[in-house]
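There are structures below to look over.
Next come two complexes built around chain A: one with chain B, the other with chain C.
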Partner chain A sequence: MLLDFNKLGAWKWALSGICALMALFLLLPILFIVALSFGSSRWLIFPPPGWTLKWYEELFADPRWLGAALTSAKIGVIVMVLSVALGLLASLALVRGKFRGRAVLRAFFLTPMVLPVVIVAVALYAAFLRLGINGTLPGFVIAHLIVALPFAIITITGALETFDPAIEDAAILCGASPWEARLRVTLPGIRHGLFSAAIFSFLISWDEVVLAIFMASPSLQTLPVKVWTTLRQDLTPVIAAASTLLVALTVILMIAAALIRKGKSE
Partner chain B sequence: MLSAIAARRRGSGLGFAMPAILLLLAFFVVPVAALLTRSVTEPEPGLQNYVTLLGNSTYARIFFNTFFVSAVVTLITVLIAFPVAWALAIMPRRWAGVIFAIILLSMWTNLLARTYAWMVLLQQTGLINRSLMALGLIDAPLQLTNNLVGVTIGMVYIMLPFMILPLMGVIKKIDPAILQAAALCGATKAQALWRVLVPLAAPGIASGALMVFVMSLGYYVTPSLLGGTANMMLAELIAQQVQSLLNWGMGGAAAFVLLVVTLGLYAVQLRFFEPGEGR
Partner chain C sequence: MTAPFLHINGIRKTYGNVVATDHVELAIAEGEFMTFLGPSGSGKSTTLYILAGFQDPTAGDIRLRGQSILQTPSHKRNIGMVFQRYTLFPHLSVGENVAFPLRVRRMGQDEVAAKVKRALSLVRLDGFEDRMPAKMSGGQQQRVALARALVYDPPVLLMDEPLSALDKKLREEIQFEIRRIHQETGVTILYVTHDQEEALRLSDRIAIFNQGKIEQVGTGPELYANPATHFVADFIGDSTFLAGQLAGVSGNRAGLRFADGTLVADVPLHGSGHAGQAAELMLRPERIELAPEPGAAGASLPVTVEDMTFLGNNTTVAARTSWGDALSVRLNFGHPLSGRIARGDSLYIRWSPEAAHAFVRG
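Take a look at the complex of A and B:
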């Protein structure tokens, strides 16, 4: 009764109403920012008195925004590659390994996801100051890799668990070496998991704020750090323009992820 | 034959996990341990950092803010997420798909972009204050940012997807026949809701609530942008001690308290709820 939508009677409308309100609550702030980024009011008056592209012009005229975006992209791609590679190896061990303590190891791999990022950030900040890599590209990459890896491991272990090891065994029986079987049978079999892990890892690095604030130096900062420092000074519409571009990127990556999922089910 | 395969793939063991293990040891375990050590060694060996942290009224206020805001955020999130997750689990596919896409979009939109949206919406001259005044509900703008109200709204916004998605999974797994049985036995809808559906979903609610609470406790970005310096939360205290005051001992002590609470609640989650269920 309660789990059959059409037999809910009046409750059906109450539930649908709550759902619709919540969807608006989640969606409106995002649409609001997009609208403001094209609005002509510096004071972010809504509805905007007129429409303009000047905030985007201001955004692209400032080389620091572009530089920060490039830095973010560079770090994101390196993190993506390393996270998928290390995540794949770790997942092979977790799913196919035959050693004791695999459950403990899995929990260990997920701890960076559970621990508040600010603790990791402060701890790495101290360590990197000592090592002299604070404010450098490797510093950023290591910091982001620590938080991206658990997501890659979750995604890839999920894919590996649904991939029947008997197929790999069959390849070995037919004369393939274990490495050949892994590379040419298992990897293509779990490619959707690998793609999802790559997208997740990139997005985590690209969007990451807290670690980046601690890792940043005046000469090297990511896009979120640039947004953060600007935001602390004033609520300029240039941030709305930058945010809109970030939303656009999110939508594109989400569509890519959905297409991958669709390809998997077909 | 099978043992021959097993022998050939003996390599797929612990060795594969080594790069990830070494990375985490070097850049996660050791740095965090070093930070915590500094809480009892700086400025001089002893527990004085913890004495100050737990005995001083300024810090007591910060702990109160942290736990209070996290509890309120968790409560509001559960109250909104339960009906939404319930509806999503049973709605016609097309509508559920639309709402699902909105949840994912919000979840994956840059955190700073979302927080910026709320800073603009909630400010004195923002859309919300203007609308309320235009409707004649208030005479003067409400103070909605630089206080815990703003933090709570901003955090609920961020936490909702983390509660809805796992809860939806739990409700989907409930057998509709159980509720049909309740109806056949004469339960009204309200009775079936309180005495059958809610208890069956309770593990999912508890597990999701715990996750939201833990995430809220350690949140940094939203509280510092929407809360202002006068309404600090624990994560901001840690950052401030280390970054502005260079007081590593105190920062380490605050980090240790946050870490113990977080891992303690995580252990509860693992112990009582099936791992993976809440994620």
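Take a look at the complex of A and C:
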């Protein structure tokens, strides 16, 4: 190959260096926050003068933080289930369907990805006011589903496209009814795509803050919203502790998604 | 007369204005190995898909043991099929792949295990139960697919170019296996291919498809020795076509006059024609003799040698008639003329009257 890494000579070191710098640049804010969450200073001084776990104690002692985390998790799980279920049905139609305007429909399904989130948020806020579901669980779920669904559709559509429909035909000739074939052969065949879609749908909801700020009420707020509102009142290292836990779950799920992809390629 | 085992009765399939198959008519005996041979787009795969139930014919019927199967959905037809592409279920082991048809039939565990073992043994993959499809070669995967298609003892096995993704050596190996399996199980096989050698190697009978129609049905030797149309003669084996005109037709024999005035009498004529109509004479290269002088019996024509190619067991001589038609003749190794002819030599081709066929130009 023309650009074989091992034949680049001195460039090899330069490229490795640039790569390491970029990784550091991307990770630095997160490392900073993690360090601060264990730092003993109340004033978020860096480098921390000493180390402590008291911010985590404070975090777990406050039922409002726990409540926000539970709300986030609940919304995330519901969004995940609905996003995968609806994404699967939409993808089946987009990939296996033979109707006119499929390409247009496909592009249409992806519009929430390109629309500015804040615009979607304002529009939903106005619409939900009429429906009276602002600040409710269904409101949160619908809002997050709108931004999660395009990712689920992209992932599941991709998995379905690489799954040869002849395999489904083979199952049918083997005696499986069309739905049995889809359930026992096609679904397991695209399970990597379904898992990835589930993880990304959950993460999108888990990390989402703009829509959540619009949807939140004093009695119902997600973890990112709680971080945001606390930040505006009081700059406390408890926020760093909460953020660290948020990031930790995200990282764990990203690793899970990467492992699923690795399992698929093997 | 009893109804044929499998009767493809006047199948016609159109997509809008495009005719995929037109009045395909074929009776297949139980246990027969029937091959659909033809170029791509000739309707052979469409016919197979209609049998499988993936497509509905526009007109016609398909009857198995006298009963129409068109109203039965694919999954209840109890037909086996091996596809062109690899269709093993990727998330299931080899054993579970082969067991799948039995599991959807709610068969007992012990019976499933016994049948899977027997099916894998049939395709010589004993002990591969726990292997995953992704860890197998293409040839092994197609053998598992064959085991999966046969494990529930279907009356008919459809094979849609199952070997086209494999290399030549492996293809021949598995062709041999398919023949053996056909003999061992006695299953009726409908096999689609565009490879004439594969068709000749495997089949009891071959149906030649062209432009949605069956041109001729017969055993390999029948099709080779007695092709009904120009297309069949051209598709099966090598042939030489010499353009001429019909001169005197009587029944299914005719005389042919070439551009140089030579008259060849009493040639078997395929299709109906009348004197003066454009026609062509077909000869197989191994039935043509090359000689320095015209023959006493039979027919002959003067030709000019254009090129010679040594191919080991024979030398292929390319020659041209006085009016410009190209032809090729094979001289077996050791033939008195081989090595003694040169480009530009004037020689004669000779053949016995029964070796030639006349086709009316359509």
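Here is the rule we use: the second predicted complex is superposed on the first by the 259 of 266 C-alpha atoms of A that agree within 3 Å, B and C clash if a C-alpha of one lies under 4 Å from a C-alpha of the other, contacts with A are read in each partner's own complex, and residues count from 1 in each chain.
As a working rule, contacts are C-beta pairs under 8 Å (C-beta built on N, C-alpha and C of every residue); 3 or more make two chains touch, one makes a residue touch a chain.
Remember, predicted model here, so these are calculated numbers, not experimental data.
Novice: Which of the two partners, first being chain B and second being chain C, lies in contact with A:Asp169: first, second, both, or neither?
Specialist: In the superposition, A:Asp169 contacts both chain B and chain C.
Novice: Once the shared chain is lined up, is A:Leu253 touching chain B (first), chain C (second), both, or neither of them?
Specialist: first
Novice: Is the number of chain A residues in contact higher for chain B or for chain C?
Specialist: Counted on chain A, the partner with more touching residues turns out to be B.
Novice: Once chain A of both complexes is superposed, is A:Arg96 in touch with chain B (first), chain C (second), both, or neither?
Specialist: Touch status of A:Arg96: first partner only.
Novice: Just to be sure I read the superposition right, which of the two partners does A:Thr52 touch: chain B = first, chain C = second, or both, or neither?
Specialist: In the superposed model, A:Thr52 contacts neither chain B nor chain C.
Novice: Answer with first, second, both or neither: which of chain B and chain C does A:Ala126 touch in the superposed model?
Specialist: A:Ala126 contacts chain B only, not chain C.
Novice: If we overlay the two complexes on their shared chain A, which of chain B and chain C does A:Thr229 touch? Say first, second, both or neither.
Specialist: neither
Novice: After the superposition on A, what does A:Pro178 contact: first (chain B), second (chain C), both or neither?
Specialist: After superposition on chain A, A:Pro178 lies in contact with both partners, chain B and chain C.
Novice: For A:Gly189, decide between first (touching chain B), second (touching chain C), both and neither.
Specialist: second
Novice: Once the complexes are superposed, what residues of chain A are shared between the chain B interface and the chain C interface?
Specialist: Touching chain B in the first complex and chain C in the second, residues 169, 172-173, 177-178, 181 of chain A appear in both lists.
Novice: So in the complex, the part of chain A that touches chain B is made up of which residues?
Specialist: On the chain A side, the touching residues are 1-5, 8-9, 11, 14-16, 18-19, 22-23, 25-27, 29-30, 32-33, 36, 43-46, 86-87, 89-90, 92-94, 96-99, 105, 107-109, 111-112, 114-127, 142-143, 145-146, 149, 153-154, 168-169, 172-173, 177-178, 181-182, 203, 207, 209-210, 214, 224, 227-228, 231-232, 235, 239-240, 242-243, 246-247, 250-251, 253-254.
Novice: In their shared complex, at which residues does chain A touch chain C?
Specialist: The contact residues of chain A facing chain C are 164, 166-167, 169-178, 180-181, 184-185, 188-189, 191.
Novice: Taking the complex as given, what residues does chain B use to touch chain A?
Specialist: It comes out as residues 1-2, 5, 8-9, 11-21, 23-24, 27-28, 30-32, 34-35, 38, 80, 83-84, 86-92, 95, 98-99, 101-106, 108-114, 116-121, 123, 125-127, 157, 160-161, 171, 174, 176, 179-180, 182-183, 189, 192-193, 196-197, 214, 217-221, 225, 235, 238-239, 242-243, 248, 251, 255, 258-259, 262-263, 266, 270, 275, 279.
Novice: Within the complex, which stretch of chain C touches chain A?
Specialist: Its residues touching chain A are 52, 54, 73-81, 83-92, 100-101, 104-105, 145, 148-149, 152.
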